[in-house]
């Protein structure tokens, strides 16, 4: 069933994984171990690239919008299987969904608990997610890392950043790395601005500033939202013409590549378009993809094919 | 007095109850024991179905609106008797009401403490219940489970979800399962939308994501509230024509049936209409009913008759 | 498989059980519920009598001395099955043994965790047991009560009584009744004195004074250990001629019967001798028996026959 | 460098590993994950057998007595390499030794922190180890399990058992399984008695009663130390003639095989003698070996050869 | 005033200091910074060698025995000046002494607070020091590290090791490295044995196992105290003929040199003898010296000359 070509057990870290871990000096060995576990599992093991299957859309957009297109995906075990068969590095989901399935997959793929979540039954002018499980709950679930969402641009940013900081500190004390989903939105950001290159680069930077070990953003467009930023991009001669250019700028903006930045697939699209985006992410030095809807809203065969295409683009096999 | 056909004491779990418990791997044995206790009491013992008598309407709507129609119901002992005589699995009520009656029913029917509650003397645009007893209070009452209400769609959802999460974690640490009443309401949801199929399915999903072991929602109507959801239902070809269809969709939305979902009776109705609803809930794969007003606002004889009808519909005797 | 004639579910407490519970006014309802659960399970349900299968001999005397005579008993699941099939009220064992088996008997017979234990690899002049699990561990195991051993007469009595008192207080706060095994021993008590009527009566009294809800002692002999006591028995004209007389005196000594006192079977004996002892315990007003070695060191068939004989002597069926 | 034949990544648990995990129902998924990690690493991955390299002799016997015979072993990194190259499941050592080396082996072999230790500069009539690191220290080291030593038979057993119990509860709350080294010694046990079959079986039983997930004892001799035990062995007709017989009795004494029991190699011996012992351990149903001195006091080549021989005896490759 | 040739501020770490810090992977950057501060101050800055002036003799032996020979040393400021003028890396003293002087030397030489101490007004068969200040006190004093004394061989070792472990964990959490003075003594160690090579090597090993970043022992003699050790030294062919040989063995015994081990000067001696000892310590790979009485019981000029001689022997200037 498993087509993944694997890293030899007890093999030394690859030079690339060692290099990546060297960016996290000062973290305890528990955090480093778990970062290594993420980087050493699945088809991309050892390459320093990460492809993660995230399934929090049930919570974020509602179950039918999320799983209706592929009803097998209503079952929380489906996603564990999809992530493992495709050779992803890890599977990410909210607490309840994991509580209803992780016991059937003991000792297998690394699990990331998405510990704060929003729903679409209320749309807040000052968006902020609710913390829906404790760090101790994650430890007891056997998690390898924890994930948080922040909304830079929200009027609630102070509460949100402080929450993430505090939970992140607790997580690190248990050896759990923190992955931050950074999605700009708020009253002063236009819809188009949410994926503008300046805003995405800035959002990734903020996540890293809050202590994220891994940062997740959307693929940026060539739009530049803020006038002051526009001037700066022009003066610096930073090209934002291709997605690869823009990914390069986001990676640069995240401590010049000393933090792992991965990119979402965004709204559902055709395979070709997605894989062409992923090629540009790879070309721009992106560390990987996090692909949910595009993976689990297809049939199992098509979802597997897509994820394997993505993984293969990043050098997995 | 007791017409309940009983499960043999010390009998092995039925295959169905064993299957249900297998969805909760990783919970401590205290939680599993209490889940088994709920599933193994009353006329439905061993069937995997649950009928609960909930009486929090005194708090929620005021005593006279609640108990005026059947003054015997002003006495908190009335409900214990009604629940036991009819063969319900459990009785649920707020702290004070139990404090004033549970001492007269030691060692009998399982009790669920409803630990947060709202009243109708103030109507909040951002609804949120008050926590009216501690988890330790529940332990000292001899509770078998705790119940919370959440209002997905409320502007207060962050505070509310976090409260439930934290109390739920504490409850589990004492071996108490958590039952979440999930009632969407709020500024951005129309009155009709509160029982719309998309909203109900979403509300059940959120409760399960917060770690609920048992979820309680209202029977959904065929209305679809959110435009994006409407499109998703249509594209997925999910039928919402009959109540059974809709119940099926709610169960599917709650981790594909890997969490126990039960349905309320809603506003008072005639027996026939109620039982016909219950039949559809059963046909759609619902795990049971939670029926308050319709039971205790009738005369004792009529209330018993109705509850027994409901229980019998789910396969009890 | 189960021959137990059962109490009707949700049936009111019997007058005798109600009377017993009336001795514990002021305890929280959780404690009373669990006392009722003990009194309402098994073949003796509702009679106010208790027969418990205790299996801590592996810890106390070593595994081969305990289970060698009936090797099936090495398996910790054996004892659950024996207790249920015979119709005991409850099964008592140390933490580890329950941790290795209780998960296979969710929702069935009430479990008592024996939370302090001694072994026979060291024999202490001032005997005192080690606390081998926490009260929280018991809660998480789904326990119905906790058990402690005290050694009145030990030079370590201060530490021991205080330990029991403190753990008992914590147990009660979680709704767990405390059962105290009270075995006099120590430098100033002769071997014969350990089961002397005066010493047993005194030991039972001390256990009750420490807050025990249920007290367990050995069947007393007619020997009177302490000179002052001898005089007192004579002056009061208290007969200690028959075991029934002596049991009556022990019950009287335990708040005139306002605490549940049960008697062990002691070292292994023939069926006839045991049942004749049990008859006297019953005749003297003893509340029941706790029978370990005599039950599990026989073949399964013989053990069942014996336990059913004991239960039947106390009025069970 | 690595000759280990490996279990496929993301492969389902083998039936044997699933069976073993089924003995630990009620533990959180973190504990189960880490147990699975121990059972799924190294050459024995998936077989349900465990071979561990323990190196606490520097602390216990002094550095020169421990590492003088093979000076390469003074370097704490040596042992990581030896454990990995030979294909052990895990490496166990005290805190300081791991703190000085684990950072060079991030993400590789599972590490067990031996959290209490004794030294030989003082010999105590009532032996008890000192706790030399906290559970939080273990979490921060990225440990997969924690190890404790107990000395049943010591006059300090009460303090010792209670210490282990408390630290074990904390460890489990962080998802760390507990491994107990159980070595009887004390005033009332003869030198020969320390490895007597009755004493070893009893010591293993006590460790399991204290909640150990894995128990480690010395290979028992045919000597029976306690008179009462001698009688019990004879009456039960339990053969102790061969090491295989005795191992079978130890496994039986540890909840009839429902806890993992492994055996040390003891004092340094020739390869042939050791492997013949290991064959008997395997034949008797032992779960594996823990081999320290015999492995690291040989040259690297000889140590590897021996460990591979041991692993191969248990079915590894 | 200061003749010390200094390391250029902001200069990169020397390769040797980088190498030393690489042994402490997993420590937080606060600990690493403070270790670097110790290694980068004074005349030995950057060499990886450490010479420390310790002045706890007032507490340990009484003020007049300590400072009578050079009354200027009664003034706590004297030692700051001596340490700085001679070019030591750091100055170590008990809390009160620092509290009375450190405020006059703000921002100057690194300070080590010796947080446990013994006095000579009572001599204990089971020696153990009293903790005479808190870790927070050290933080508030601006300390660069904390120091503890342990007495391996003492009957109080359990309490002592656990105290050090716990305080060490707290110290590290504030970024303070821990330096352990390890002096074997106790009922089972002869006077001569306290400085025996086997005992010193073992004591250094124990300190490192307890998590010491820097270990301080006395220069070992060629005596071997324990019979088992004697055999081990002979079999391993470890030479203990010269002090250099013995220092080499101590360094080897402390994780093969992966922990910093420094040596005291011991009782007062002549300059020549002292410097010749220091030469051997250097030749054997010792990391430095800690010299108290021999420095401050001479006149200021003689003390300075001696310390500069020591520092120069280790390569300082």
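Chains here go by letter, A, B, C, D and E, matching the order in which they are written, and residues are numbered from 1 within each.
In the analysis below, a residue touches a chain if its C-beta (ideal position, glycine included) is under 8 Å from a C-beta of that chain, and two chains touch if they have at least 3 such contacts.
This is a predicted model, so every value here is computed, not measured.
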item	value
Touching both chain B and chain E (chains)	A, D
Partner chains shared by chain C and chain D (touch criterion as defined above)	B
Copy pair chain A, chain D: interface residue numbering same or different (half cut)	same
By mean Cα position, the chain sitting nearest the middle	D
Chain pair, A-E or D-E, that carries the greater number of C-beta contacts	D-E
Superposition of chain A upon chain B: rotation angle, C-alpha, nearest 5 degrees	70
Whole-Å gap separating chain D and chain E, where each centre is the average of the chain's CA atoms	36
CA centroid of chain B to CA centroid of chain D, Å	49
Whole-Å separation of chain centres (CA-atom averages), chain A against chain C	57
Where chain C and chain E are represented by their mean Cα positions, the distance between them in whole Å	59
For chain C, residues that touch 2 or more chains besides their own	102-103, 136, 140-141
Overall pattern in which the protein chains touch one another (line/ring/star/complete/other)	other
Pairs of chains, among all present, that meet the touch criterion	A-B, A-D, A-E, B-C, B-D, C-D, D-E
Chain B partner contacts - residues on chain A that touch it in the complex	58-59, 61-65, 67-69, 71, 74-76, 94-97, 99-104, 117, 119-124, 128-134, 136-137, 140-141
Interface residues, chain A side, partner chain D - complex	2, 4, 6-13, 17, 21, 28-30, 32-37, 39-42, 45, 84, 87, 102-103, 106-109, 136, 139-143, 173-175
In the complex with chain A, residue positions of chain E that touch it	25-29, 32
Contact set on chain E toward chain D in their complex	23-27, 152-155, 157-158, 160-162, 165-166, 169, 184, 186-189, 198-199, 201-203, 205-206, 208-212, 226, 228-229, 232-233, 235-236, 238, 249, 252-256, 258-259
